[in-house]
Amino acid sequence: MTFVRQHVGVMATVAIVAVVVGSFVLRPPMLLTFALILVIGIGAAAVANGSQVLRKVLGLIPVLFVITFFTFLIMNALPGDLAVNMLGPGATPQAVAQIREDLNLDDPLLVRYGDWLGDAVTGDLGVSPIRQEEVASGITNALPVSLQLMLYAQIISIGIAVPLGVYSAYRAGSKGDRASSTVAFGFLAMPSFILAVLLVLFFSLGGLSIFGFHVGAEVLPSARYIPFGENPLEHFKSLILPAMALAAGQVAIYMRLLRTDMISTLQQDFIQMARAKGMPDRAILWRHALRPSSFTLLTVIGLTIGTLIGGALIIEVIFTLPGLGSYVFEAITRRDFIAVQGSVLVIAAGYVMVLLIVDLLYIALDPRLRA
Amino acid sequence: MAGSGTAHLRPDDEALLAAEDLVVEFPVGNTGLKVHAVSGISIDVAEGETLGLVGESGCGKSTTGRAILQSPAPTAGEVRFEQRALTSLDPEAMRRTRPRLQMIFQDPISSLNPRRTIRDVVAEPLDIWWAESFPRPVVARAFDDVSRWIPPTLRRVWRYAHYGLPVAGLAFAFWVVSEAVEGKGSEDWLGWTQVVAAVLAIVAGVFLVPFAIVFAAMGLLWLALGILAPITGIPRRIRMLRDRRRHRAEADQKVTEVLDSVGIDTSTALNRKPHEFSGGQAQRISIARALILEPKVIICDEPVSALDVSVQAQILNLLQEMKRRYGLTLVFIAHDLAVVKNVSDRVAVMYLGKLCEVGDPDVLYEQPAHPYTAALLSAIPIPDPNRRPEAAAGVQGELPSPIAPPSGCRFRTRCPRATDRCADEEPQIGAVGEDHYVACHYPIQPGEAVEPATEHPVIVEPTPA
Amino acid sequence: MTETLRQTDVTEPTELAQIETGLEIPPPERSLVTGRKRRFGFMFWLAVTFLVVLLFSAFFANLLPINDYDTAFSGRSREGPTWDFPFGNDNIGQDVFSRTIHGARVSLIVSGVATLIGVFFGGLIGLITGYFRRTVDAVVTSMVDLVLAFPALILALAIILFFDSEGESRMFWLIVTLGLLSIPPIARIVRASVLTVADREFVQSAHLLGARNGRIMFREILPNVIPAILSYSLVFMAVLVVVESGIGFLGLSVPPPQPTWGDMINKGRNELEIAAHIALFPALVLFLTVLSLNYIGDKLRELFDVRESFL
């Protein structure tokens, strides 16, 4: 039991990753995956830290309530009749009547909300009259795409940001540091959709001729998505440009964060001590300095993941990737309220869960935070 | 030694400021533990007197000083000023009393607003009370009252209403179950789970809906008043604007006067910012600010601890002179007994939230009755090459944690004279001489050398210089 | 000016110490702009110039001697940059330069006003919660966190589309939505800033002098919090510029004929291979605007952090 206690954080992370991977492969109902992750996370945290965890978890439930209720309110607060809004001005009276019946639009608001919520908890998010499919399955199909995009973007950004951040901190003030800071600053200012357009231009459409020099190639696809199962190579090729577009801004943020934290860590006495003992700089940097400097970074990574669960909307639209972002965007433009409602629930639940996990990981990693 | 014990307090009409059985406790985060910073201190000051409050860092002396000024108010105990109880005043009345009770802080520069010139800093008390002399409109006063009244009221209502939350949770759980069952087609189950869910929901509503209504109503009221208040205050602002020039001239004169009296060169200083001054100068400015309202009492919270030794003497002399000139009563808090001895008419020694000894500084110096006082005294270095170093000067060990202080006499863990009685019974303060009080089961008698009850090293009384 | 150290019992004086009392007052600090000590640097002023020029041109766009943004110059479809048309022409021959300047109006107004809304209300909320703490803080902070958990972009798009489906008052709805959504993050930042200031001794001493809560908040705490807020709001405005452009890119900002940067970039996507300048020039101006705002905000933050270290 003490072994579990000591290594709770690691074990929980491993278990969660296993569940996520497993769900990619086995495709169980989305609700089951979420529930499993939730249970593992909470269980782990409870093992480590009893009531503090419970309070945090219980605090999340009202959040989800309020978010979904508000979304429901907004949808129903629109001027005009809900059914007509959904079907558009050209709808026939019969279609309108049909919709009213299907969705019980004559029932009072609270009852409808209660019904929807009750269904939602059991995994039934309703049927979209516009897409003629179940919202839950639409989301389940879209979610993996967004998650893959997010995963690759994070891998790229962390993979670049961490070494760069460590190096900049190590050589703070040098030319290399200032150069990379400037570049990072530049990427921060670059909106992701513009970068996406540029990437498409230079890597997919053949590039530009500037003053006679031709820059660019026609190497990567820009408007299709190939699932991993079908063709791994094409899958990666179809996702690499969007992932890069997403990653660029994140690289800048992560790098700066890590650099700042690392610089203050490197000024501490225990680093000098390690140096005095003759430890090579490289070992000091990576084994001793990195860990305490990574707290803020981890929090921000967690927050970014949480935010991106909604899918990087614009990127998905640009590259026509069938992810959750595209799904929601389409639902909004097509006034598919049911789908919007369901998506908001999923996105908010995901965000809130990720925040909870980050919080718990924090407590697990930093013993000072334990009650 | 214990603090309960008011034997050393003087009768009410003699004491200008008196604190009785002060208790200050802070909660520690979420753990439910409490820091017992001050546990039953009683002290008083007569008019024109300087009371020195001395003790180690962490003994609660600064906390006592602030508790006396109700900033923040103590957890328990009474504070009387001019025979009126400050602790039972409402916040507004307390605020109006404040000009007569001022404070000087340890860190001079950070107690002055870095973005203001020192003319503004010293004039601020005058500005505050000048503004107060213009009565505020009813709406503004109502807004203040409402703002003060809302949080405790909401908290009280919530204490009853929050039971609705678990009930609502249960209702929801039943609803979920009923939805899940709906698919399976079992009518009976569906029926009764829905009923239970509905009933629970109504119960939860009874608890929660009134709270929501109250919350919304109060919020709206507060917002409405908050928007109206500044608007109805415009006529007042106009009146203030008209009087502004006269006030400024008057204030400037007073500011110059008081800054001169503390030794700041007003011809160049007025438009500078605090960080442009040295520590000693900043402390002078701080003193000036405290003086400008002509208070009766000034509590000096370690005013010289952050200053160079050479500057300390100047500031101490300044304080003495100001006391004389303005007829002040001082409470001087410090950790250095030598400093306190020279400025105080009476000294109180504190340890870990409790009082050890109270009396005349010369008497305390010559014949300390409490082992802790004796230890503090023996720690004062005396730069005389002819003196041989004492066997073991000072107090052994570290201050125990104020979260879990020792039982009985709190000093017993470091006291060479401690016995079992000290662990069981808290000593009450009592007289050991003319105007000399101590809280100890085994006070040091005159002429006695401190002897250990166990193998603790001997603390030898310092022989008079 | 010197003074001898007076004899006290504190130390036994073995000699008379002649010590400078330090009663002389040092010379004033050097001026911000011209002094040698603290300077903003060339890049800073470059950024400021760019923004000022942009603001000016956007504000006076209708009075400037530039082409109308919706005049389709026949025969100039997809032409590259020339002297007459510094940014070239788009697919129907409109002047990209003029359209970019008019597009700046939308982006700057929307982001500017929304930021102002956020700073005003968020600042107020942050000030109150940071100062009073306890109950007020707990309640308001949980409400703020709640709003932050909403997927912001989705909410914004939903509100815009659902309440203004025809696009008649799109600008208004954009400002309102983005303004409302800015309040929580700014409130959070202000609150954090206020928390660091509220514990400082000068705040306590103001309280002890008998100042009212309102006076303490607005005259002691606020002036110390404003510098940090100022620099943050510039950076925040840059974010809103990006958000507005993103919404425009999706076709949901102010509808044509009013040009917006996002819309221009989106439409220019189709022409990327043959006439990339249609998309790239607005993108460049957008990038430079965001860069300048970020840079100025950052530099200001540095400056104020250094100031703080004096204490």
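Lettered A, B and C in written order, each chain numbered from 1.
The definition used in the following text is that a residue touches a chain if its C-beta (ideal position, glycine included) is under 8 Å from a C-beta of that chain, and two chains touch if they have at least 3 such contacts.
Since we're looking at a predicted model, the values are computed, not measured.
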{"item": "Reference chain B; chain at largest CA-centroid distance", "value": "A"}
{"item": "B-C compared against A-B, more contacting pairs", "value": "B-C"}
{"item": "Chain whose Cα mean lies nearest the overall Cα mean", "value": "C"}
{"item": "Computed distance of Cα centres, chain C from chain A, in Å", "value": "26"}
{"item": "Chain B and chain C, separation of their C-alpha mean positions in angstrom", "value": "40"}
{"item": "Interchain centroid distance [CA atoms averaged], chain A/chain B, Å", "value": "48"}
{"item": "Chain B, residues touching no fewer than two other chains", "value": "none"}
{"item": "Contact footprint of chain B on chain A as seen in their complex", "value": "52, 61, 114-115, 117-119, 121-122, 371"}
{"item": "Chain B contact footprint on chain C (complex, rising order)", "value": "3, 5-6, 8-12, 14, 17, 19, 21-26, 28-29, 134-136, 200-202, 204-212, 215, 220, 223-224, 310-311"}
{"item": "Chain A partner contacts - residues on chain B that touch it in the complex", "value": "29-31, 169, 172, 175-176, 178-180, 183"}
{"item": "Partner chain C, residues of chain A touching it in the complex", "value": "63, 66-67, 70-71, 74-75, 78-79, 85, 185-186, 188-191, 193-194, 197-198, 200-201, 205-206, 208, 307, 310, 313-314, 317-318, 328-329, 332-333, 335, 340, 343-344, 347-348, 351-352, 355"}
{"item": "Chain A contact footprint on chain C (complex, rising order)", "value": "145-146, 149-151, 153-155, 157-159, 161-163, 238, 242, 245-246, 249-250, 262, 265, 269, 272-273, 276, 279, 283, 286-287, 290-291, 294-295, 298"}
